[in-house]
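I have a structure here, written as structure tokens, and I will follow up with some questions on it.
Chain nomenclature is as follows: A, B, C, D and E, assigned in order of appearance, with residue numbering initiated at 1 for each chain independently.
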Amino acid sequence: MEAVEPQKYVLLALVAVLLPFCAFIRLLLAKNTSGSAFYAITGISLSFIISIFIFSNTWNEQFIHQQVDWFTIGGTTFRVGILINNLSVLMMVLVTGISLLVHVYSIAYMKKDPLIHRYWGYLGLFCAAMLLLVMADNLLVLYMAWELVGFSSYLLIGFWFTKDAASQAARKAFIMNRIGDIGFLIGLFILYTQFGTLDIQKLFGQDGLVLSATVHSDLWISSINQMPATWLTIAGIAFFMGAVAKSAQFPLHTWLPDAMEGPTSVSSLIHAATMVAAGVFLVARIFPLFNDTVLLVITITGLFTALMAATIALTQNDIKRILAFSTISQLGFMMLAMGIGAVDGGIFHLATHAFFKCLLFLAAGALIHALAHLKEKDDLDFDIQDIRNMGGLRTLMPVTFYTMLVASIALIGLPLTSGYLSKDAILIRAFEWAESKALIFTIVPYTALLVSWLTAFYISRLIFKVFFGKWRLQKGFKNIFTLHDSPAEMKYPMIILAVCCLFPLFSSNPLLFETSWILNGFHGTNSLQRVNAYHTIIPAAVNTISIMVMYICYRWYVKPGYSIANNNLLYRFSENQWYFNCIYDVLVVKPVNTFAKAIFWFERKVVDGLVNLTGRAGLLFSAISAWVDEYIIDAAVNNLALLAKKIGDFTRHFQTGRVQHYLVTMLLFVLTVFVLKYFSQLL
Amino acid sequence: MNMEQVVFYFFAAMVLVSAFLVVTMNNLVRSIFLFFVTLFSIAGLYIFALADFVALAQVVIYVGGVLVLMLFAFMLSNKELLNDLKLTKRTALYNFPAILVSVIFLFILINVIVISKPENLNWLQNRINWLQPSDNSVHQIGIQVMTRYLLPFEVVSILLLMALIGAAHIARKDKI
Amino acid sequence: MIPLAHFLIISAILFCIGLYAVLSKKNAIQVLIGIEFMLNAGILNFVAFSKYDRINSGGQVFALFAIVLAAASVAVALAIILNVYKKYNTIDPSKINELRD
Amino acid sequence: MSLLSILIFMPLIAGLIILILPSSFQQKFKYVTLLITILQLLISGFIYFQFDPSVAGVHLESQFQLVEKLAWIRLDLGSGGKLEIDYFLGIDGLSMPFLFLTSLVMAVAVLASWEIKTNLKAFFALFLLLDAAIMGVFCALDFFLFYIFYELMLLPLYFLIGMWGGVRREYAAIKFFLYTLFGSVFMLLVIIGLYFSVINPATGNHTFNMITMMDPANFVQGSIFSIAANQELFGVPARLLAFIVLFIAFAIKVPIVPLHTWLPDAHVEAPTPVSIILAGILLKIGGYGILRICFSMFPDAASQSSWWLGLIGVISIIYGALNALAQTDLKRLIAYSSVSHMGFVLLGIASGTVEGTSGAMLQMISHGILSAMLFYLVGMLYERVHDRDIYSFRGLATLMPAFTVFIMIAFFASLGLPGFSAFIAEAFTLIGAFSSESVNGWLPRWMAIGGSIGILLSAAYFLWTLQRMFFGQTRLKGGTDWALQLSDVNLREKFALVPLAIMALILGILPSIAFDKMNTSVIEFVRFITLKQ
Amino acid sequence: MKDYLPHIPGFINDTINSLHYFRPELALTCGFLLVIIADLFFKKIYSLPFYITLLCFFAVGFYTIQQLHTAPANLFSGMIIIDHLGALFKLIFLLAGLLFIFFLKNNRQFIAHNKGTGDIFSILLAVILGMNLMAMTSNLLMLYISIEMVSIGSYLMVGYISKDTRQTEGAMKYIIFGSVCSAIMLYGLSLMYGFTGTLDLNNPQFIQELSRIPSLASGTVIIMVLTGIGFKLSVVPFHFWSPDVYEGAPTPVSAFLSTGPKAAGFAILVKFISAFQLNTDPEIKDMLSILNHVLIIAAIASMIAGNFGAIRQNNAKRMLAYSSIGHTGFLLMAVIAFSETGFKALIFYLFIYVIMNMAAFMLINEAEEITGSESVEDYKGLGKHYPVLMICFVVVLVSLTGLPPTAGFTAKFLVFSSAVEIYQSSGSFWILLLMITGAITTLVSLFYYFKIPLNAFIRSSNKLIQVKKYSQLMPICIVLSVALLLLLLLPQIITSFI
């Protein structure tokens, strides 16, 4: 019995992966939309049920690892299998659960789309890839799943492919992710070269190869190989680069706001709850690899991203963009947690964040959905995602309002919510971490605090602007009062999520994160003991100030009279997203300007953001190489042909048709031989 | 300088002068007749090399055959040629390559002759093998041709027949 | 005795005169004459050397054959030149240059 | 008569039959050709399953499979010894996969030939001749025989490009011919040099047996290419020079930068089936030649020059990709992408590691399948509207959904999306290149990193094209006329494309079906070339 | 007189004994006479000379093949030597002659020639006799006579029709150029005779004496003699006549000239060089190296001038003329190698060369019948209407380029082999250069050879091409093309003789 058990779970897990994939295959071959939702939802619900089953049986149990031979290359056999431990089952449940809700939500949200079967198919692919990602026991498979989620994200962002912005955003997302993937790949090379295997359990397990490798006088020595110690750092950075791109961390974050061009349901599932968290997941999976340098890099990147994205979110007006930056910011938070060694905190926050951020997006989707109806009905032209165009919707769409409010509070981290628990876990750990370090490192926890207050501000701003006050656009809205809450398919997932944002799901004690079962599931450190003052002071301080911030926000946005100047430098700095897109532009444009005339036609191909950096420089290179190809390499060949013709002409030159010329030439040739011989004799 | 030498150098001079004139003269008729003189003089030189039969053959074949043939050809190709020839005179410059080549050639040939020291050649030292003025060269050649050189002799006959047929064919009027 | 070298030098001069005629004359018959000079120069050499080759008489026999061959080729050449004259109305080799690159 | 001979001579005989048949049958020729290629596919499939993966081959004559060895030319050269040329065929793990690839791509190319409308007799006769020659190249183990097949490929290709090609077909055809001939003429000299340097220990004669040439013990003392003699030509060690000459000959086929300029021209001007064959198989002959001949016969020179080969590989990867980025002609773009992808092959081979070599082998197979698919797709577009300019199209996805699906599969597979063959192949070439420094010190680590930039760039140009041509609102240069002409993929085309897509997918998910058959050979190959002589 | 008497019986015996070996030549002589008689007395029977020649060829072939395996023998008091190599050369001449008479019989110009074609058969037989002698000669006198015989016969062939200006012009240039070369050679021979005192090439005295005089003098003499041989080979710088003459001459004659006499030139060159090479006297080393260098430079120059010169040609015959210069240069490689391999390569190459060059000229002739032009440009679109013709053409041109799947490749391969072999033993930079030039010019040759298929298949003509029937030459062309393909697979057909 004991032996059979693990196999059963592994097989079930495999089924959980394959079910959405089968749905994908079935829908790829589908000719029309009929019944498409059924396949998709059946697939994901079964997956969810299986996940719950596995979760309930294996949480906090011995990990389960089963493998089969995949292929053999040289002496190395790649084995592929499924690794079920706390991290993967948690992620499984999270992914399938949220997916299921988003699937249900999508029934109504995407109802009228003519290509909806494709949409379901893509979602199926995403779910399968994501599940594979979390369960993979081999870094190569993980990488494959990693790219596949990127690919499905590409498909889903560009789902409305006739929209140029959407297809551009999709491409940008894919290419930026590719940059990270290259890092991931390089990481793989290093690990494979160093350890000869890519098996996660072998590498990162309890007495895995990574831990047993030593760094000794600038050499990183494993049992089979050794290389300079810098490669250890490079490996860490490389893997982290993959995570940076996937989790939209600075400097590869610009794709995420653009990805909002996709359907909102997709944004909520992929770009808020699950896929973007894969970066954090990866860091958690391979955590033993990171040395201090890399951890510091992770910390700083996470912190900076969190701060930067939060400040940007302050001034954005597009409802989805605010949420996107919020996501970036929160992901930065999780990275920060990873960097300071609070893996458990990071994962915990990942889990809680998944619920409330998904909910925020779904609610935003509900708003957009409703406004889109209105727009269509009244035949009006206004930006349905601009929060400046909304207001006072609290009464018209109460369910949306309340669910979103719950999610926002969770995001801010007020007590009784899940966010309170996870955010505190990270903050407190950050303070503890800084304590053991030099003074300069105290910047880290304090900045984190600042970020959480900024979070409180921007999300309050969102809520107040959308739901409070009055409807801002007056003219032509005859039917404004026909606005109502979404249909049931959308409403109930939101309500369920709202419930999940509250504390009971995660902890028995609403105020003490230490009691959270998720944290305890990850080999809790002694920091879970309330050993010092931080555990008390910080939650109190955070919440007090957060509430103050919310009040200020309320005064500014709801009560008339207080208004902030929206044209000062800081405001614009924030509104323009720290000018990152521009910086990426300018960094390239200036050097390129000198060549502008020569390559201007390539401008049409230029992509923005960081892609500009590589893209424009790349295009410049490509222009140069094309030029080299045409005028140097090819010309050299053609000139050779010309040379041949010239030699031919030279020989023809003698062929004048006069026999006496021939004779003279012939004799001159002969004489040359004589003369040469003669002189060589003389010398 | 004995009589033999006087006559030899006289002939030699004749050969060279007449040859030179043949070559420099633009009038074809005159040059053909001077060519006759040259050939005659060469035949004379052959006698000094104790090759009377060859000298005879030279006169018969060259003077009697070649020269007459040339005259025929010249006459067949009628007098317009003469006018044609007078019209265009060539400058020395135009002939420069020809002169150059000839002079270099001469230089080289004489050089070859001088450095190879013909009098000292190994095989010449065998005095028994020297031809004596008293030898009957016709006799000798007759025997040689019928024995040692029988094959070339026969082959040349075929060659001549072929040349005859071919030349006749080419020169024949194109009518049947 | 006439020194051998003198024969050779005479023949060398004759050869070059012939060569000059071949290269410069603008009448095919004169070119032929030049060729004959060159041939004669060769024959003269043979004859001159043959004086020292009594047993084989190689030189003299060679000379005889050369004379015969020269005659044969002159006959052919003249036949061809006559044909050329019929077609071109000239026998200037430098004007007969239809075949060329 | 072994299966290999049947593979080679079946198309040849069919070609002759087509030549003899009167032109009134010309509508039937394509079916004849299709039948032959399908038979070939079956035979090579059979060979695949029969193939014993446990024996290596490479430099061990006894371990080759399906060997056929007949004395062919025995000419007593007197001083040069007795000329020993055999009709010697055989396969090992390095050549067997290519037989299957060739059969598959050929079958697809026949399906793509439906669009050929003129002079069908000549087309299919040449096509089959080409088929025979290619099969011959992969089977031949006698250098003389190999060379004959190698050169035999040129003629049909010249005419296929020249007679059915595009506007600049004359230029492209002769350029292709000259480039390849340039390499092979000098190769001939090396072949002869090798012949005089090697003695078949069994008979004591000089021999063209490639396998005999691989064993350093068979080299005559003091001959040009003898390792011990260490002769120099032009101040370069003779063996190194021979290696370079052979390498250039094959590298032109691969092609490498800067010997690649024939490729865009030839690919662009060639008719679709020929582009498919060119990209699908011909380029692989270069890679195969480097493995079978350059590296196996001159392992010492290979290890000396591997750094340069790796560098060339990396340059090809990046340079090809950058060039692809700059193209506006879709077919040219794909042609340049071939340059980039084949750069991986070179990098993998140059690494001298099992991973790199296996990756390079798989990359060749994968690229064979994918480039065939890509060129077919471009050909379909061109066939419909006679335009390939990327800027002439917009939003094709709405108009041709199935076509878009296929092109997305092909594009994403080519840019190395996991799940498709190219990913495994590229990943392992790079892994091989990366580990090379630790394993044998042939390539520095940065080359692998440089090569991986190619993966990024390939994403850039493929996605750009995808977005520019297929997404957005439908807007065509030819207006509504084009919209009518741009019909979606038809059944025949699907019939050709689906097997390719499935092959790419299967190889991506189960690379073992390829790796298992060649692993022993690759291990032996790598062991052999890295052996300290 | 008395001095000679004792020797006479010996000579007579020798002559009578020699006759036994001389049967091929005797057959040729008989054929020659019979053709003359037939032409004189049986003019009515138009094809009689042809059949007599054919019959004669069979006899010659029969006798020559018998000679393949006889031991080398001195004949006619050392005038000629009969050996294996010579017999092989004779077979090559015979092949060229055989193809030539078929060519003649179907050539429009010759059929229309109203002075009759009987004479050309007699000339041909005499020329082949001359060539046979060239292949066997071991004596300077025979060398001169045989070369002259071939030369004069060739002049006659070129001038045979003299229908238009170009033909006569070709003949005149040929004869003037040829006579000058032979005059120079004669002068050289005279000095050679003078310096050595013997006409016998194989007499050890010949080399010994030559090596004793200063190398400048001996070198000059050798080069003067080589002038005459070079003229027959049309090797640079003695090649100027060949493009003009080949273009001007009737096509069958061009075909014959580019094959038969050229092969004979090689035969005599081999003979001539053998005299030097086979001598082991260390003193001749200097002379030998001069000879070798001159030949190498000539070979390189010929390959370059021939192949590059052909690039810009539009006249197919002229192009082939240039290409044949290139082939000569290439073949010199085998002569320079001067080894058994080299001779085998030479013979094989010459066999193939005769087949392919003859076929090429025949095909040009056919194309000319169709288009009325020798210009390559006018071949446009021919491939579509005359596929068989053009496919044969492609096979032949591929063979001329030296690529598989034709015997031209095997031939080229063998020549390269001989060069590599000699390189391996000598390590001479010059040989390497020679090989590289050979390789590069192969590439270059592709340029111009492929002009023909390029025009025929790839370019299309806007002119209307009327479809005519092929002449009877076409089956021969097909046979030759197939032979070229077959000989790749079964080179034994030829190599078993060699």
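Keep this in mind: a contact is a pair of C-beta atoms (placed from the backbone, for glycine too) under 8 Å apart; a residue touches a chain by one contact, two chains touch by 3 or more.
Model, not experiment: these values are computed from the prediction.
Contact counts per chain pair peak at B-C.
Chain D has the Cα centre that lies closest to the mean of all protein Cα atoms in view. Comparing mean CA positions across the assembly, the chain most remote from chain E is A. For chain D, the chain whose average C-alpha position is most distant is B. With each centre defined as the average position of its C-alpha atoms, the distance from chain B to chain E rounds to 30 Å. Measuring from the averaged C-alpha position of chain B to that of chain C gives a distance of 6 Å.
Between the CA-based centres of chain C and chain D the separation comes to 64 Å, rounded to the whole angstrom. If you average the Cα atoms of chain C and of chain E, the two centres end up 25 Å apart. In chain A, 652, 655, 657, 659-660, 663-664, 667, 674, 678 are the positions where the chain touches two or more neighbouring chains simultaneously.
Shared interface positions of chain D, defined as residues touching 2 or more other chains, are absent. Among the residues of chain B, those in touch with two or more other chains are 97-98, 101, 105, 108-109, 111, 118, 123-124, 140, 144, 148-149, 152, 156, 159, 163, 166-167, 170. Contact between chains, using the touch rule, shows up for A-B, A-C, A-D, A-E, B-C, B-E, C-E, D-E.
Every residue of chain D that touches chain E in the complex is listed here, in rising order: 73-75, 77-80, 83, 119, 122, 144, 147-149, 151-152, 154-155, 158-159, 162-163, 169-170, 173-174, 177-178, 181-182, 185-186, 188-189, 192-193, 195-197, 223-224, 231, 233-234. Across the interface of their complex, chain A is touched by residues 175, 179, 257-258, 260-261, 319, 321-327, 353-355, 358, 395, 397-398, 405, 412, 417-419, 423, 427-428, 430-431, 434-435, 437-438, 445, 448-449, 452-453, 455-457, 459-460, 463-464, 466-468, 470-473, 510-512, 515-516, 519, 522-523, 526 of chain D.
Those residues of chain A lying in contact with chain C across their complex are 652-653, 655-661, 663-664, 667. Chain E meets chain B in the complex at residues 1, 4, 7-8, 11-12, 15, 18, 29, 32, 36, 75-77, 79-80, 114-116, 119, 122-123, 126-127, 129-130, 133, 141-142, 145-146, 148-149, 152-153, 155-156, 159-160, 162, 171, 191, 194-198, 205, 208-209, 212-214, 216-217, 220-221.
Every residue of chain E that touches chain A in the complex is listed here, in rising order: 172-173, 176-177, 180, 214-216, 219-220, 223, 227, 236-238, 240-241, 243-244, 290, 294, 297, 304-305, 308-312, 444, 447.
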